[in-house]
Every structure is written in structure tokens, then in C-alpha cells.
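Next, two complexes with chain A in common: one pairs it with chain B, the other with chain C.
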Partner chain A sequence: MKSYTLPPKPEKSLFKKLKAILIVVILAAIYVWTFLGIDIDWARAIDRIANNFARVIPNLFSPDWSATADVSLSILETVLIAFAGSLMAAILAIPLGFLAAQNMTGSRILTTIGKWILSAVRAFPDIILAILFVVAVGPNAFAGVLAIAIGSTGMLGKLYSEVIESIDMKVVEAMEANGANKIQILFYAVIPQIIPEFLSYAIYRFEVDIRASSILGIVGAGGIGTMIIFAANNRNWNEMGLILLAIIIVVTIIDFISARIRRKIV
Partner chain B sequence: MIQFKDVGLVYPNGTEGLKNVNVTINDGEFVVIVGLSGAGKSTFIRSINRLVTPTKGSLLVDNEDILSYRSGELRKLRTKVGMIFQNYNLVKRSNVLKNVLAGRLGHTGTLRSILNLYKKEDVGLAYESLQRVNISEKIYNRADELSGGQQQRVSIARVLTQKPGYILADEPVASLDPPTSHQVMSYLKKINKEDNITTIVNLHFIDMAMEYADRIIGMRAGEVVFDGPVSEVNEKTFEEIYGRSIREDDLRGGADES
Partner chain C sequence: MTNQSKDVVKGKTPSLYPVKTKAQVSIIFIVILGFYFFSMFWTQREMVGGFGDSLGNMFTVIGKFFPPNLSVIPAILEPMAQTIQMAIVATTCAAILTVPLALMSAQNITTFKPLYYATRTLMNILRTIPDLVLAVIFVGLFGIGVLPGILALFIFSLGILAKLISETIESVDMNPLEAMRASGGNVFQVIFFGLVPQVLPQFTSFVLYVFEINIRASVVLGLVGAGGIGLVLNQQLGFYNYQNAMAIIVLIFVVVIVIEYISNKLREALI
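Up next is the complex of A and B:
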């Protein structure tokens, strides 16, 4: 049999080894400390969980069909909130995306400002934005639309700027070399390269926003969330079952359609 | 006419792209620049339409120093100096016609071009250019559906549509196989003769340079080390330009196949 010469093991200094051990010890200590700090009467907790499950779960599986009309309207509103919100975001994100793309502005300062704006917008969870807008414009669907729009703008702008940064700049150079001005370059070299990805991300974001908008009603921003919170407060688990079923169906359908469309356009 | 007068170029990282270049290129000439990679061929060619800017000397195109040009004048210069690239640089997702019409951008108003409102004669010119390089049947195909040779012909059609006085070609055949390379070079030569467009081509294949050039300029380390009509050139000249003996891979071959 042939004998192999194994490559030498990477050299590890004593310091590195000690560091690795130290990290493991500290992590273990944190976990132990955390679990010791939990003061739970396990027997009672398990008992209650079992009890609640027995009461709630069967009801969830026998939906209250009499609420179908209300739930349908509500879920339609949810879809429309998501659609209006992501459409607004898809448009608002375009200028921000360009601003945050290094190869478009050609200026480090502008790009940094763009990236900062997008990060700042992204920092808010949708639900916090919804609370803000409910306070600002009242507890209705419009608050939900605005919350979705702003929340999605941050993420879409970031994705757009990455798409723009990944285009083939040689095409831009070719257009420059035949005397095209900046706006012509934008329309002839940049936009054809980015449109399919932009659309694809916008549709994907719509998919995400459907889920987001079904939760926004909890803080009063319209859509199915409002029904969820009422059903939960009234312990109306049969209605809750129908709501969950409706959400599952709608989200699945939208996911399916969105995947189809996105595969077509790229 | 293009005149390089004592042109030098130092890149920001300190590399000297061009050193004391003094060259005059007359109207209607077909000039081939040869040299190893890194010899300054691309820098030379890209100086002429100011994709790079020389840092020293003066560069005259039609008796005007282009080194002082700013955006407006620069676009005017680039409208009359067409360029062909090694990687064709077509918009892959746009169709052939739209790519070729992009050659008219310098002649077309911004609003008109954004709304795709090209004049009839521009569309006619684009179609005619495609016919001249024998690819008009692909007019509505997307650029990424074409082979490399076809894409390069489309990029020649784009330059033709621009109606330039000069054509610069930066390694136009480096990504193509031998028969296709000869086809592309033949089209460039034909256009040069028929339209009397001054053509400057970068090549590193010796046999192709000999076959198509009227005049050869040899470069090494940013300097022009040879400049003369093709009749004065032999293998010895190339060995001097390259600073080493000629090897198999300096030849493209395949002249008989096309």
C-alpha cells in the first residue's frame, strides 16, 4: 500500500488554545447561571400546559364556519394592505437603492449616507412602526399600509443597492465610449440589467409582507390581526381556528404564485 | 488625424502606462498595436477617447487637444470615436436592435432615447449596419443568445451606427476562436477601406497583425519601440518588440480556415 504524507497540522500557539478553552468555559458558565436563575414550578407548568392544550387545540381543529364571511373580508384587507405597502416600498426603495450604490454615486460620502438611511429604517420592526402609525393616523388599514411600506423600504433599498453594485460596469463603459450622457447610460446600460432582480425582490417582499400584515392588526393597524386579538381575548378558539386556516391558505397560495412569477422573470 | 505629443501617463498606483509617446496616425490608416500584455496597448488606445487620461504631454484629435476636455466636449469626442471591446460589452438582456441603437445615443436627445423614439433613419442605419456584418437576421434576438463571434459583430454594428471617424478596438479577437477571429478582423478591415474610417486595433497575435495591418506600432513597457509600415516588419522586428523569441502562442493561426 502507498503511504501518504499528511500535511503538517496548522500551528496553534498556546495562547490560541487557552483562548478556545476559555471561551467554552465562559459560555458554559453563562448557561448554567441562566438555567439556575429560572424559578419555575415544573410540575405545575406542565400540568397547565397539558390542560390548556386539551381545551384549546381540539377547538382550533373545528373551525367556526359561520364566521367565514368576516374572516374572508378581513384576510382580503390583509392582502390589500400588504400589496399597497410593498408597492409603495418597491418605488420608494429605488432612489434610496441608487443612492446607496457605490458604483452609481461615485462618492463615498453619498453612499455612506444612503446606507445609513437604509440601516436606520431597517432598525424598526414592523410592529413598532405600526404602533407609531396607529398613533399618527389612527387605528385603520392606512396605518398598516404605512408601516409595511416603511419597513419594506429599508430592506428593499438595501437589496436594490446590492443588485446595482453587481451589474456589469463594462457595459456602462461601452456606453460612455460612444458618447452617451448619464441619463442615457442609466436607461440603456443600468436599467435593463437590474429590472428583473428588482421585480423579483419586490414580489418576494410582498410575500413577506403578507405575513407581516396579518400580525399588524394586533396593534390596531387593520387586517386579520384585529380578529386574532379579539378571538383570543374572548377565548373563541373555534373562530381562531378558522382565522389560522385562512392565513395558512392565503400565505401558501401567494408563496406559490410568487415563486412561479419570480422563476419566470429572472 | 491623431497626434500623440510626448504623452505620458502615470496611474494613481504609480504604474507608468505610457512613456514619451510620439505618434501621428493619419486619416484612413489601419494601425495595429502589438505588444505583450501590460505593454501599454490598452492605455494607448483608451487615451484616445479619454477612458483614461494621460498625465503629461498633449494628444490631438482633429487638431484639438483632447486632454483638457470636460464632460460636454468629451461626449462629443466619444461620439466620433467608436470603440470595440474584448468582451463585446453588450447589454445581454436587451435585444440586438436595442444594443445597436445604443450607438446612436451620442447623437440622440436624452428624452427621445429614453422613450425609444428613434428617428426612422436611425433605425434604418442600425439595420443597415447589421446587414453589413451579416447578422441582420438576429435583430430581435436577445444579445445573450448569440455566440461570441456574433456578439462581436453586433458590437461592430453598434460602432458603425455611431458613424464614427475613428474606430478603436481593444483586443477584439482575444476571446474568439481562430476562424471567428479572422472573420471579425476582415469586417473591421472592410469597413476601414469602404468608409475610410481610421482604425486602431490592439492585438497580440503576430500573424494577424501582419495580415490585416497597414502599419504596425510596437509597444513595450509603455514606450513605442517600433513604428512602421507592415512591409518593413519581419519576425526579427517582433522579437525586438517582445524582447524575446517568438513562440507558438503568439500566433493565432487558422488563416486558411476562414
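Up next is the complex of A and C:
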């Protein structure tokens, strides 16, 4: 009988082997650090859940319908916050996107500055921005609008700049060669190429912002989050059930509509 | 004489876009603008003095945050470490548990349709619930501590990861899998030798991406009592210690940037 042997495996270089070992060691160190550092009081947690389970979970699934009016009003406010915030961001992000696009500024320094500004803005979680704005303009929905506007500008600016960098530069060159000025190039060569993607990203960001604005109320920036924190503090899990239901419904509807619109645009 | 040449005679260039499109775009534009003004009015109606007043106020208040009191940094390193550990544990657990879920919600692997639709719907619902809301519920269940935070992050990242990875699985090249099936490989062999090599780089990249999201999310979970640095931040804000709070915010900022930088480099190296 013939014996079949597998083809020889490609030999790995020493450098690659060392690299793999190093990665494994670092990962192991991180996990050891994590599991030694984290302390969970399992006995207490189990004790708590045994006590609380019957009080929380069944109530979450039997929503308190009497709060429907309040919840609808709050969720409307959440949608409005998200809308105003994302529209502001969609506009604020345009100049930053152009600044961070290599092919528009033509200078490495300006592009790097633009990219740095955008990643600095992105590093702040929305809710930290909301804390700052609540202190600055008071605990109301407008603080939420500002937090969403600034928070979304970072990501939208980055996406915009990537769109601008990927446009067909031949059109721009052709117009330049024909003697068009900068403004004409912007309006007839650049903008028609970027509008569908810009709109699509702005609408996508609105989707994300709906989720973000639903929690801003936890720090006092308006919307449904205010009700969430009250319901949690009062242990009113029936109302929490209704709030959850409202969030799930609104987010699903907006995701669906936005996906439809985006598919049509691009 | 046709319409077009009339326009030319009058010295007017005909528009590039048809009248119907123009009307549509104008209507959409007006609706969006109207909705925007309504939103601005609605969100500002409870504000004392309106936007102009608070803008002036804003600068004086923001001034209170500066200079950040950096001497508290050594004291807050421990909660910061706890925050990162929470994100690591949650991401690891989610990465492990997402594998069966992603397989079940990928159309080309799960040929049993009801299972596919059930997992997909469950994941879609899970993804709509914001992480902080999950944290609020888990804090209600388990009491204040790290565990509710980890669970909230875990559930939340499970939703995102399962979606991203199932989409990757759906886009793989099915030919090697079919060949294996044809030559008698069972389901696990097909998955392990045909599917895993194709999705592993994306899988790692998505896990790192979700880890980034989790770091960002875990810094704020403490606001609702789910452990980590957010708890300290909330206390300091409650005591109006704005300069200490700013120091914490600066630390969060630095940690997020560093982790994102490392994770970005790793992801670039992978793909």
C-alpha cells in the first residue's frame, strides 16, 4: 500500500517564531494582571441576584402602560436631540473633513493637524462631553444637543476626509487644466462626487446618535435617560420595562428607515 | 425653435437637473430645516435665558475646570486599571461566546432557517439597548460593583461582534468549504479548516475594535454604579471638585488615545 504524506509545511523564520512567542507572553501577562486585579465578590453577587431576580426580571416584561404619555414625550425629545446634534455635526464636520484630506490641502502639516483635531475630539466619550456641557449650559436637553454635535463631529470628520481622499482626482485635474478656479472646481468636480457618501454617513451617524442620546439623560442632559435614572433609583422596574420597549421600537424603526434611505442614496 | 435654443437665445444656460428633482430636493431640504428649527426650539425651551446667555456663562464655567488638578492622578490610577480590566474581561468573554452565535446567524453556514432568523432577531434587539441602560439594569440586579459593568459590556459587545463577524462569514469564499464537504469533511472539519483561516484576521481586527469601544464605554459605566473610573468621576462632580474631575477626564483621554493607537497599529498589521 502506498503511504501518503502531506506536503512539507513552509519553514518559519526565527524572527517570526520569536515574534509569536513574544505576543503570547504579552497576552498572558495582560490576562494574569487582569484576573489578579479584578475582584468580584461572587458570594454577595449570587446572594443579591437570588434576592432581586424575582423583583426585577418579571417586572421588566410587564411594562407600566400608564406611563406611556411621559415615555413618548421623552423619547420624542431624545429623537430631537439626536437630530439637532447630528445635523450640527454633519455641517461642522465638513470643514474639518476637508482639512484632514490629503488631496485637498496638499500639505502634510495641515492634514496632520486636521487628523489630530479629529482624533482628539473622538477620544472623548459622548457622555463625558455631556457632563461638561451640563455644567456649562445647565441640565437641559440643549446640553445633550451640544454633546452629540461635538461627539459626532470627530467620527464624521474622519469618515468625510476618507471619502474626500477617495474621489477621482482626474476630474479635478481636467478642470484645473481648463482654467477653472478653486470655487468652480469645488462645486463642479468635488461636491458632486462626495455628496452621496456624505449624506449616507450623516444619516448613519443619526442612527448612532439616537442610541447615544437615549443615555445622555443619566447625567442630566435631557431625553429618555432622565426617566431611566429615575426609574432605576425608585426601583420602578415596570416603568423601566416600558422605557426599554420604547427605546427598542424607536431605534429599530430609525435603523430600518435610515438603511432604506442610505441604500437609495449610494 | 425648441425650448432649449430659446434659453440659449435669452442668454440663460439650461439647468443640469430636471425640474422634478429640484422640487424634490427643495422639499426635503425645507422639511429637514423645519425639523431642525423645531428641535432647537424644543431642546432650548427649558433653558433660562436662551442660548445667548448660556454661551457667555459657558466660558466662565469651563474656566472652573482649569487647571486640572493633576496631583490626584496617582490616586485614580487604580480605578483606571479596574476600568481597563473590565473591558478586557468583557471583550474576551464576548469574543469566545460570539463564535457560536456568529455561526448561527450566518446565512451560508446555518442552513436551518428558523435558527438563523431567531438568533438574528435576538442580536438585533440586543444591539438596540444602549450599554448604560444594560448597566443600570445589572446594577439593579447585582448591586454596585464591577460585575454588573462587565456583564453590561459583555452583552453589548456580543451584539456588535456577532453582527460584524456573521457578516464576514457570509462574505467568505464558499468554494473551499464545498470542496471539503464533497470530499467527506464533517461540519466541524469544514468550519475549522475551511472557514476559520478565512475569517481569523477579520475576527481579530473586530475584537480589537470592540475592545476600543468597550474601553470608551467602561469609563462611563461607573456613572450608574457599575465600577471603574466613572464612579470616581461622578463623586468628584457631585462634590463640585471640577479641577479633580478635569484631571480624571484628562487621564481618560490619554488612556483612550494610547489604547486606540496600539489597537489601530495592530489592526493595520493584521489586515
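The rule we apply is simple: the second predicted complex is superposed on the first by the 225 of 266 C-alpha atoms of A that agree within 3 Å, B and C clash if a C-alpha of one lies under 4 Å from a C-alpha of the other, contacts with A are read in each partner's own complex, and residues count from 1 in each chain.
Convention: contacts are C-beta pairs under 8 Å (C-beta built on N, C-alpha and C of every residue); 3 or more make two chains touch, one makes a residue touch a chain.
These numbers come from a predicted model, not from an experiment.
Engineer: With both structures superposed, pick whichever of chain B and chain C touches the larger number of chain A residues.
Structural biologist: C
Engineer: Which of the two partners, first being chain B and second being chain C, lies in contact with A:A177: first, second, both, or neither?
Structural biologist: first
Engineer: Scan A:A232 for contacts with chain B and chain C and give back first, second, both or neither.
Structural biologist: second
Engineer: Just checking: does A:S119 make contact with chain B only, chain C only, both, or neither of them? Give me first, second, both or neither.
Structural biologist: second
Engineer: Residues of chain A that sit at the chain B interface in one complex and at the chain C interface in the other, please.
Structural biologist: In the superposed arrangement, which is not itself an observed complex, chain A uses no residue for both chain B and chain C.
Engineer: Given the complex with chain A, which residues does chain C contribute to the contact?
Structural biologist: 32, 35-36, 38-40, 42-44, 46-48, 51, 54, 57-58, 61-62, 64-65, 81-82, 85-86, 88-89, 92, 124-125, 128-133, 136-137, 139-143, 145-147, 150, 216-217, 219-220, 223-224, 233, 237, 242, 245, 249, 252-253, 256-257, 260
Engineer: Applying the document's contact rule, which stretches of chain B touch chain A when the two form their complex?
Structural biologist: That would be residues 49, 51, 75-83, 85, 87, 89-94, 98, 102-103, 105-108, 110, 113-114, 155, 158-159, 162 of chain B.
Engineer: Would you pull the chain A residues touching chain C in the complex into a rising list?
Structural biologist: Within the complex, chain A contacts chain C at residues 30-31, 33-35, 37-41, 44-45, 48-49, 52-53, 56-57, 60, 77, 80-81, 83-84, 87, 119-120, 123-125, 127-128, 131-132, 135-138, 140-142, 144-145, 211-212, 214-215, 218-219, 222, 225, 228-229, 232, 235, 237, 240, 243-244, 247-248, 251-252, 255.
Engineer: What residues on chain A touch chain B, complex-wise?
Structural biologist: Chain A residues touching chain B: 168, 170-171, 173-181, 183-184, 187-189, 192-193, 195-196.
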